[in-house]
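Next up: the structures, one after another.
In what comes next, chain A is part of two complexes: it sits with chain B in the first one and with chain C in the second one.
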Partner chain A sequence: MSEHQKSSADLVRAAGAGETDRFADPGVPAHQNRMADTDPRAAKRAERQVVILFVLSIIGTIATIVVYFAIRPDGTTASVRNANLALGLTMFLSLMGIGLAAVHWAKTLMSDHERVEERHEQRSSDEMRAAAVTVLKDGADDSGIARRGVLKGAVVTAVGLFPLTIAVPLISSVGNDWDVSKFRHTMWTKGTRLATDPSGRPIKAADMTIGSVVHVIPDAPEEERRTHHWITEKAKSVVLLIRLDPADLQEAEDRKDWSYEGIVAYSKICTHVGCPVALYEQQTHHLLCPCHQSTFDVADGAKVVFGPAKRPLPQLPIAIDDEGYLVAQDDFNEPVGPSYWERLK
Partner chain B sequence: MKALAARRHHRLMPVVLLLLALLVTGGVYAALAPAPASADTATTDDIENGAKLFQANCATCHGPDAEGRENAPSLIGVGAAAVNFQVGTGRMPMQSNGPQAIAKPRQLDAEETEQLAAYVASLGPGPSTPTAEQVDPELGDASNGSAVFRTNCAMCHNAVGAGGALSEGKFAPALWETTPTHIYEAMLTGPQSMPVFNDATLTPEEKRDVISYLVEQRDGSAGGLDLGGLGPVSEGLWVWIVGIGALIGCSVWIGAKSS
Partner chain C sequence: MSTSRTESAVAGTADYLDQRTGIAGVVKGFARKIFPDHWSFLLGEIALYSFVILIITGVFLTMFFVPSMGLVEYEGPIASMNGQLMSEAFASTLDLSFEVRGGLLMRQIHHWAALLFMAAIVTHMMRVFFTGAFRKPRELNWMVGFLLMILGLAAGFTGYSLPDDVLSGNGLRITDGVVKAIPLVGSYMSYFIFGGEFPGEDIIPRLFTLHILVVPGLILALVGLHLLFVVLHKHTQYPGGGRTDKNVVGFPLFPVYVAKAGGFFFIVFGVLAFMGGTMAINNVWNYGPYDPSPVGAGAQPDWYMLFLEGSLRLMPGQTEYVIAGYTLSLNVLIPAVVVPGLLFTFLAVYPFLEAAATKDKREHHVLDRPRNVPVRTGLGVAFLTAFIILALAGSNDLIATHFSLSINAITWVFRIALFVAPVLAFWITKRICLGLQRKDRELVLHGHETGRIVRFANGEYIEVHKPLAEEERWLRVNYDAHRPLEIEPREDSRGVRRKGFRKDQALQRLSRFFYEDRVEPVTPLELAAAHSHGEHDQLKGHSSDSSLAIVGPDGTGLDDHAQDDHEQNH
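Showing the complex of A and B:
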């Protein structure tokens, strides 16, 4: 460690051949004393300020403990909010006081003289490098790895294989299984009743008035609906059921019998990146995806009228059973959700 | 008391007792019977006044017989609930064309609205206005209401009912100020862009649960400032401007030399 004036002189680079010494290293600027360095009254004032900040922290800590016992949440939203607010503010005071005091102390009262610490050369001496190489060579000779070929092969193989014990379970667990055919099918089968989400009541065609929208899940007993498997499968099976004025509905020839008196059912999973498409505008028959504003025209086969989605929403063909409940005729006409590498049937 | 006891074998005593019993039953019934829905109490006077109000305020767009025009739907069969919602929230009579009719100070008072509703309800059967009990948030189950709201409403109206944008200038309004009755009627009738949630697809109990959940959201957030409940938009603005601003301020202060 040395004073800065001395070290800065070492840093000035001498002009080499063909180079001009364009500017000299100005070095560290001259040290300026702070008010607290020269004026004892200023130092005393700074000390007092630091003490006040620490005292604020002490008050904050005591206040935290006081409000913890004094303001108990009694279950109402307002009481929980008040308790959190009081605790948060007093804890802020407690920690912020210490932080501000420490910084202010360091800035005003602790020494602020610039110091330069010389860095020693990083390269080891030639003798030390030669000695290190010798030690390594001696070790290799001593182990006999060059002579014993089988041993060499065994150690390389063992060390090389070991990472598999971590890699194989890790990679295998990521996908759980690689059965992509699961993406092609949902829980909907011929005759499955359409039920309301989340209450699970089956829906009759007569329940739907024009302009009605129902968020639909496949009908299942309540115990089954609580199982992990069902909840996972539900993610693919959600349907939006909409009743339009049949006069507004334009249907392709091959889909004429997929709707029932103006009631149509479409997958709720956006064909762009799989968000739930559910913002239905009754007057325009447009169905809007909240994520990227893809818009589908429900009156016209859920074709894309705006946004990044490329394909219409898959349609669920529906009919009614003997008791008047809406049922699925079959699974969706194509895999639901965004495109994936093997989505074609 | 003695005199009363002496007469209890009088031959007219059963008649007196019967009369007393009838009086008590009637009195108890009158005190406890549920108040009938307002739509049922509409008189012919109400309907006549309503017809006049309709001709003055609505017929220009909806037609003299409420049969509808090119840009205004037919009101036959929309019921008293639709009138009470549209007129009660000031959306109708509409003042100017735009992406959607917006709520404004109501143009017709409560009595006029009721008369107009009675007239429109007389044109064809439709949903009537709910009773006070049907929309009482105290009687609903806010937890179930939350589940119903998340599935059916939150995509447009935001998870706590703060509202949100639709396409081409339309929007789902915030529900902070909407009265429970108007929330119920909006679900029942599906005004403008909103779909219909009739009593078969969303039962009256579920509707009341939704109202209970929405009213509970008006207490604000337990975590402190909810910043309008708008999610990453307002929270991001707060963090980027105020939060990072404060961090930059601290860094500058720590780095600056003391005078």
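Showing the complex of A and C:
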């Protein structure tokens, strides 16, 4: 063993000494002739293949146009799908024919002798650099900017300030009224009836069986629900209404009267990043957000049991009115949806 | 007769142009410019061509798309939606799919091309990374490419949301939630983007302007710069006989690459037409117009956004804090801002990091074989591992439903894997690279196994090895095994502490991380020694030629005498 170590130490030394000692570059490998280079019949055959591919493309183009005019879908999904398929395949033929023809041509018939071209260093020569510096210096001297300090300050300031003429009007308008306190309020007020989404039919407590889930919007006239404003309001106001066996329900002391006989209402907007929390599992009373899998326990104040959300879903306090319809006692007592910096202010 | 007329017409046109532009010089310099050939150089071309196809199909779509959130009642061929209230954006998307003949094909090609565009950019970037094509003088072009990737993401994101369907609307809602989590200015940034509260009436026209003007304009400008750099630098080439940092070996632009690259454009377009014709994508009529209430289970963003989605899904929620009454949502900021920030920063700074660790000021035009830079290759694979785990986590619900697994368990596995797997991937990749390098050494020193066993008169058996051809050997010996930086000592000869020692020390640590473990290429001397050694040693049947192959941290050989088992003979 000691012998080996000695010999390898010799080698290390030898290698260290001969660091510049490298193998010689064998040079560009010799050119290998292709069939078409030596056999005129092969060349002719390749040429024919290229021509056929171009002809296929021409056929494809004509077919696309024919298909476009001939197939007129009647609007059903199936007919549109068929027309799309026919157009796509003929277009494929038209394009692929050209593509394969050109590449086949290049690979079989164009010269494949490798050529060598010299590279030049990116860096300019010293003289060139000096010349460039001189040119710039001459220009700066001409302008006299170095000597005229006030002028320099004026030009920098003026050019620096002018973008404000565009930026200020743009930025102040782009956020509309910039009133971010709107995050705090939804359409729910004392006495607003809970209505089903999307039909808008008010819900009676008696309609809810144990285990049932209803997607809820605030009761509003039909015309209001057909406006754009409604969509923005709805984005904050959607609620999930769930009836549990009152025995399963654990409620905080101060929220005992927020539910009605086991019916609880929670904001449907996830406290993580705002997806609608839509998947309810009856057995476990868990609500799952399909976007990022935050899981809320409806039986226990909609607290987070898994996933990236931190806060429970805000609860909408509910009661029933004289006619037995479910109504809100008030708006949510906190902003719904994702957290933001001044949320608690 | 007609030939000469054509010729004179061409000559006349050329003369006209040249008198006004002096273009002959450009044509002479450019037409026969040499480009090297390799299939992996096509990846960047695919990106370029899918961008061109995106513009062609995109122009078609803008003729029919109405970027408005104004509400209309749908009347059209889809019976189930008649009378339904929807934005003009959604309604016009249905119209251009169902009532404009060829519209659906253009829409589907556009969407597939967008997916291909990002896939080509990412794989092109991987090619450039793993072969070291970002080294001097191409660092700036790497930055341009990096910006193009970011802009590609922006283009995809802004376009994805335009049809104003339920799926993309929920994507915007997630964006709103992420933006609101930004400390101090989050709420105002949400107003800035949406023109008031989410979703408002402005977001679709705003995204439209970004998608069809601002982002593609920037991409076009940077693509121009990217290609200008390619012309200035000339293309890199893979190592091989006759290819050096001072030349470029390949075929002339005209006619070979005009035909090959031009033809390839049609091939890419053809494949996309085939996909658009046969594979449905983003059937928004199945999702319905945007409504803040519904959401589909198993919803996925386009693939290039999956890593962000997965990052959001993996983060535990406990990390939201209230400090002095202000809410700091680290459960959103870390996955949506910090994690992509770290990933992108790594990509952006890597060329400069490696250059600092190498202190190599030379220009490089011959590409590295990935095995010859084990730490770089390891870091690249570790990066991809993290990216893939995040992307998989973005599909954790689909994995759960397809394989009947617990979503909680999957999420926990990915949470842990995100930290463990990249480290493992780095280590394994580095070891594989070192192993491959050692295999190269062994091949160069001992040749190929032939499977021919010979018995000597004295009874000894040996296997005959065939020496490598010159070209084969050149590929395996023609590289630099960089060594860790040597730095000046802390104190100079008079015992005075010198400035900048700490910085040097940090650099040295980085350099050691990169180049401590390395396999030196075989030198002719070693080869000669191996041959003579082999002959002298023949009867002993042992050799330790390769013991100097790996130098450990303390300068001793790390391993290994396992290769001695098969002795060579010539």
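Odds and ends about this structure:
Definition applied: the second predicted complex is superposed on the first by the 286 of 345 C-alpha atoms of A that agree within 3 Å, B and C clash if a C-alpha of one lies under 4 Å from a C-alpha of the other, contacts with A are read in each partner's own complex, and residues count from 1 in each chain.
FYI, contacts are C-beta pairs under 8 Å (C-beta built on N, C-alpha and C of every residue); 3 or more make two chains touch, one makes a residue touch a chain.
Keep in mind it's a predicted model, so treat the numbers as computed, not measured.
After overlaying the two complexes on the shared chain, residue contacts for A:F306 are found with chain B and with chain C alike.
With both structures placed on the common chain, the touch criterion links A:G211 to chain B but leaves chain C unconnected. For chain A, the partner with contacts to more residues, out of chain B and chain C, is C.
Shared-chain residue A:N84: touches chain B and chain C both. Once chain A of one complex is fitted onto chain A of the other, the partner contacts of A:V180 are limited to chain C, with no touch recorded for chain B. In the superposed model, A:D197 makes contact with both chain B and chain C. Of the two partner chains placed by the overlay, only chain C lies in contact with A:S111; chain B stays clear of it.
In the superposed model, A:G337 makes contact with chain C only, not with chain B.
Of the two partner chains, neither chain B nor chain C is touched by A:Q315. In the superposition on chain A, A:R22 makes contact with chain C only, not with chain B. Applying the stated touch rule to the two superposed structures, the overlap between the chain B and chain C interfaces on chain A comprises residues 76-77, 80-81, 84-85, 88, 103, 107, 112, 197-198, 215, 276, 278-279, 290, 293, 306.
Across the complex, chain B is touched by residues 32, 34-36, 76-78, 80-81, 84-85, 88, 103, 107-108, 112, 196-199, 203-204, 206-215, 242, 276, 278-284, 286, 288, 290, 293, 295, 306 of chain A.
Residue ranges on chain B touching chain A, taken from their complex, read 147-148, 151-152, 155-156, 164, 166-167, 170, 172, 190, 192-198, 200-202, 206, 216, 219-224, 253-254, 257-259. The part of chain A that touches chain C in the complex is made up of residues 4-5, 7-8, 11-12, 14-15, 18-19, 21-23, 25-29, 68, 71-77, 80-81, 83-89, 91-92, 94-96, 98-103, 105-107, 110-112, 114-119, 121-122, 171, 174-178, 180, 182-183, 197-198, 215, 217, 226-228, 231-232, 234-236, 238, 268, 270, 272-276, 278-279, 290-294, 304, 306-311, 337-345.
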